[in-house]
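The following pair of complexes shares a single chain, subunit A, combined with subunit B in the former and subunit C in the latter.
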Partner chain A sequence: MNRYLRELSVAGALGLLLLAMAIFAPGFYQPQPLLSLATREAPTLVVACGMALVILCRQIDISVGSQFSVCGVAAGLMAAAKVPLFLVVPAAIGIGALLGAINGVLIAGLQLPSIVVTLAMMVTLRQGLNLQQQGVFVNLPDGVQWFGLSQLQGQWLVVAIAVLLTVLLGLALRRLTAGRWVYAIGSDAEAARLAGIRPQLGTFLVFVVMGALTGFAAALNLVQAPQVQPLSGSGLELKVIAAVVVGGVAISGGRGNLWGVFVGLLLLAAIAPALIHLRIEAYWEKAIQGTIILLAVVTDSIRGRAPKHPARSH
Partner chain B sequence: MKTPFLRFTAVLAALFAVLSPALAADKLMIGLLPKSKGNGYFIACKVGSDKAAKELGVDLLFDGPTDSNAAKQNEIVENWITLGVDVIAVAAENKEGISTALRKAQRQGIKIVTFDADAMPDARSFFVNQATPEGIGYKLMDEAARLLNEEGEFAVITATVTAGNQREWMKHIEERLKKYPKMKMVAVRPSDDLKDKAQSEATALMSANPNLKLIMSICSPAVPGAAEAVKQAGKAGKVKVIGLGLPSENRRYVHDGVTDSVILWKTEDLGYLTIYAAAALAKGELKPGAKTLKAGTLGTFQITGDNIVLGTPFVFNKANIDQFNF
Partner chain C sequence: MAPPLLELRQLAKSFGGARALRGVDFDLQAGEVHALLGENGAGKSTLIKIVTGAHQPDRGTIRVAGELVDHLTPATAHARGIACIYQQPALFPDLTVMENIALRLEAGAPFARVDWKGRRSRAVELLRRIGAEISPDAEVRSLSMPEQQLVEIACALGAGARIVIMDEPTASLTQKEQHLLFAVVRELRRSGVGVIYISHRLEEIFALADRVTVLRDGETVGTNPIAAINEAALIRMMVGREMTQIYPPSEAAPTEVALELRSLGCAEAGVTDVSFQVRAGEVFGLAGLVGAGRTELARILFGLTPADAGEIRLHGQVIHPRSAVEAVAAGIAYVPEDRRRHGVVLELPIAHNMTLAVQRRLFPRGWLRTEAEQSLALEFIRDLAIKCTGPDAPAGSLSGGNQQKVSLARWLATKPRLLILDEPTQGVDVGAKGEIHRIIRRLARSGLPVLLISSDLPEILGMSDRIGVMRAGRLVGVLPGGSDAHAVMAAALGQEQGAA
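Now for the complex of A and B:
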């Protein structure tokens, strides 16, 4: 019980919010708007899973928003050139993985700090995209939106893919050796090395996975509308880092899980629509999200001073 | 030995060929410098400029960077100084950057007007201003009122609730709203200039306000974002979508009957007015302190200070949107 205290308290906060909505604004619970909102958050969930891996590894990647835009525009241009979707989606994943690999080589190979490398990556990719695209939307041909399915089918499919991916990654993180590597590298890279784990290789691969997931998320975003905005994904890094931190992943690495990230993202994503239903002014939205993140970090630091539960270090 | 000499003669001959008609006929030569010459927005400007140039009998040079490149704009100004154009009309990519080159041109006796995006006030005589905040705010509100028969709830999506131009437009929208007592603004929501966020906001706005009749977006990415939300909610026609945006980003939704009107100035007219202002300035008909300017078939325009105001924004809708490709 104590082990999942953090995840449970976030879930509790989400439960309270949902309960408050049921009492004060029951109009919040309408199937179509909720499904549309969930579909919009599905790509964010996929990126948040990748970010969780990166932070568990005691690294950070603030270039995901720019990667997302680059993958989205590249995939959009391909789709606009009538490349079939079953090739566009892997291509987006490939481009993302490649960008992640560049980050990975610089961070794991040259041992450069990830915040600096990914900051440079973020700016370079964003400006490169601005130069290339001039902010012009990419218009997509018919049949790309919802993979050519009906809107309802497409929305469920996008949500199902994102949730399934989260579950699979969550299980892999717990059950597979590679998953334990991530925790070990993030907890203590030197100890991990002595235990026969290769921290550099592990870190590199985590960045590649991060990029690939971002590319896939961009593809899941592509199929949601008949056009792509080159700016899409800007600010995504803050959104996913917030979800990961609120979800109980320690920013110092080695502790946390994807269930918490999932609940953390739901909590943060629910705030904007909840405020609209409660008729609270937009000024409060970021303040409330900020407070939640601050609470999360403060409780982390308090817990960090307490002796660690042995089971948590895997 | 021979080749450089030949090349020199060829260049000289070419230069002469370019210059002689201008010299011989004593025709005005106007250089029109867009931010980016491949951009549909400026190509539409040029269509209007060409028309005005033909009416006025002036020579029009049109050149600009292929991308939005401030340094390349300076280069073109330098070239035009050498060429001895009479007027340069420029949409400044970088306000400070271009001004040095423009001041140099002014010292050579070349007149400067700016359009679309202004340079420093001392580096040009007049700015052809496409729209005032009041013009935009009033037009948006009037169009919303027209579509709703002056009655019903509507919501606004902005870029951010704190951005300067957005606040300015909001101020004028709210001012105009007083004219329509049966209309009610139920919410103002930010989109961070993101189409996808605007879509989420619009979705929640509709579910929280069952009587919502219209969504007005005052930043361009939010117009298609709101339209997609309305489409997904199956409320096309029941919840109307209008906003400030580009025809190309909204064409599909306008044709599908989701978006009713997209508001922007008519870029063709902006180009037309710019050339009339440039020619009047060169001929000495347009002097500092002037209050009006006559521009051919478009009629007379007001001048506020050193701003020649294009006036009421233009409404793009199903009937005319296909004529515009920016």
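Now for the complex of A and C:
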């Protein structure tokens, strides 16, 4: 159980928060608002899974917010042009994968620093979208919202898809050889290369997956409202990076898993409604989230510095 | 007579269990070039680090200009006029020569006014003193390696250095640049500076030095005026030693040729025209000084710096590995040097490390099969006697020798057709070293051709069935196993009588 200590401690913090709510503000536990919260956060969870892969590879992608917006608007325009939803979703995924591939080529192929490449990508996509859309919302035809189901069914479906995807990705990371490569590349790319793994190809593919997941998340977001806002993804990158870091993925790569990310996102997402129910001013939300992130980073750094208990042999 | 500039008596230093210096005597006179010679690991670097204050000796005395110094730190060494010119100068590449010199020499208060005129005239004067034609306004980035070394020397002089240590200064210089450097060294000598000159190149030592001291196994073998000694005697002093360790006997009954290199070369790696054969079941040792091109040759074979000339035949089949992936597919296993950095992935568990190179074979459908992985890991842990708490322990928690065994296990799991070991026992304690030697023997006995690279001369002599000696990127000789150290060292240093 020692192996999951870090994830368990985040889960413990979440448990404490939920316990506190049960005691001080039982009004927190109303099914419909909680379901709405989960639905809103479902696309964030999908992007956070991709971000976890990227950070495990010792890279970063701060263009996901802009990618999310571009995919969302593109998918919205297609839906508005009466393209059926079962084509719109793959198209959003495809556009995301393409954007991710551009990042991947520049980062893995040309060995450019990911922070700079994705910063450029973030600004370029964002401004391009502003220019094209001029801030105009895309109105969606009937039958797109909640996949044409009732709101309740639609919400459950969105949440179920996001959770299922997380579980599948988490298992893949643990059980597929490709997942092992991600850890090896993030721990020591040169050692991985000497072991016959292709670190550049792996890093490229991780960025493609990141983009594809972002595109899919944009589709999950699309079905939640009667129109698409071009600004829907702004700030998303910070939110998902925070969830990944709080969830125990080492920013230096090679350590962490998706279960932690899942719990980390739940913790961060629960803060805002908890504050409302506790009648604390909403301005505290960001401060508390920031404190949690700092706490996570500081404990990781202390843990990382602790001696690695070399086995006394010979 | 004035006291010597530097006098070391019975200096000793240990790192953990390893005794780097056992009792070194050394002295340096003003206006003298004193060469320091010894094979890899003889203690030269440790000695330098003590003199520059980077390490504290466990025992012994240091006198600078007759005065006993009991606690030398980098700052006090600097203040007493001791300067070291390293092979790779430590300058600021984006600043100009003048600024670099100023940074070394000025005790900068943060808000002190910068005296640009003074800085410039000082730089010009120092550079002129060593006869260097370098503009004080040139960015260091734009200078060649020897020019950067000259800037370092100028800094040392400007700081009032009386003792200048030069560590393999000519290793990366062309002939012409060497002559320029020699002129500077002679100029230093004329001005009364004492120079400690470290080099593997005997011809340089004979051209430049006044006296030469030979170190071996952390002890001074002897100090002689250069006029009173010849090359053969120097080599004898460097290697003359008893075998201190028992090596498992060779049982090779070499059969067919497993690996054949024909005029192999790679301009990028600095390896030229290497040809030799390794037979199945044979341990072929590669000897040579640091930088002779042994690791570079291994990296060519493993596809990391692909060859651009000649050919590689593995079991009769011509191969051209262009990446590690291709080399692994061809059946080549490479246990790299510097295990701490790249031999194992420290954060991954032992079992994961062991299967890293065989994932495609062990998990053909991409699914990790934990049971298969664990049983493979347990087998190797038992087989190689790896001391650990279990297959799930992170590789970083193991001792050096056991990490090396994990690295070895990873490659044995690939069932290689050629095993390349690069410094397999570097930084490994004596017990584990013996175990690794026995493992190498066992592997060879099973018919695996082994290419063994080691800077540990006794290891090469004791383990190899045949020994290839490299020098400056070329194979300069192949000697039979059991050759004496003298012959190998002579070939590595470029003396004709050793190259058979």
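The definition used in the following text is that the second predicted complex is superposed on the first by the 306 of 314 C-alpha atoms of A that agree within 3 Å, B and C clash if a C-alpha of one lies under 4 Å from a C-alpha of the other, contacts with A are read in each partner's own complex, and residues count from 1 in each chain.
The rule is short, and it goes like this: a contact is a pair of C-beta atoms (placed from the backbone, for glycine too) under 8 Å apart; a residue touches a chain by one contact, two chains touch by 3 or more.
Owing to the predicted nature of the structure, the values given are computational and were not obtained by experimental measurement.
> With both complexes superposed on chain A, which partner does A:81 reach: first (subunit B), second (subunit C), both or neither?
A:81 sits against neither subunit B nor subunit C.
> First (subunit B), second (subunit C), both or neither: which does A:196 touch?
Second partner only, subunit C.
> With both complexes superposed on chain A, which partner does A:23 reach: first (subunit B), second (subunit C), both or neither?
neither
> Touching A:226, do we find subunit B (first), subunit C (second), both, or neither?
first
> Given the touch rule stated above, what does A:110 touch, subunit B (first), subunit C (second), both, or neither?
neither
> For A:37, decide between first (touching subunit B), second (touching subunit C), both and neither.
first
> Regarding the shared-chain residue A:175, is it in contact with subunit B (first), subunit C (second), both, or neither?
After superposing on A, A:175 lies in contact with subunit C but is clear of subunit B.
> Determine, under the contact definition given at the top, whether A:302 touches first (subunit B), second (subunit C), both, or neither.
In the superposition, A:302 contacts neither subunit B nor subunit C.
> Show me the subunit A residues, by the header's touch rule, that subunit B contacts in one structure and subunit C contacts in the other.
none
> If we count contacts the way the header does, which residues on subunit A are in touch with subunit C in the complex?
174-181, 183-184, 187-188, 190-198, 254-255, 308-314
> Once bound in the complex, which stretches of subunit A touch subunit B?
For subunit A paired with subunit B, touching residues are 25, 27-28, 30, 32-33, 36-37, 40, 131, 134, 136-137, 139, 151, 155, 221, 224-227, 229, 231-232, 234-235, 272-273, 276-277, 279, 281-283, 285.
> So in the complex, which bits of subunit B are touching subunit A?
Against subunit A, the touching part of subunit B is residues 36, 39, 67-68, 161, 187-190, 192-196, 199-201, 203-208, 210, 221, 224, 228-229, 232-234, 248-249, 252.
> Once bound in the complex, which stretches of subunit C touch subunit A?
My answer: residues 302, 304, 323-325, 327-329, 334, 336, 341-348, 352, 356-357, 359-360, 363, 366-368, 387-389, 393-394, 396-399, 401-402, 410, 429, 431-432.
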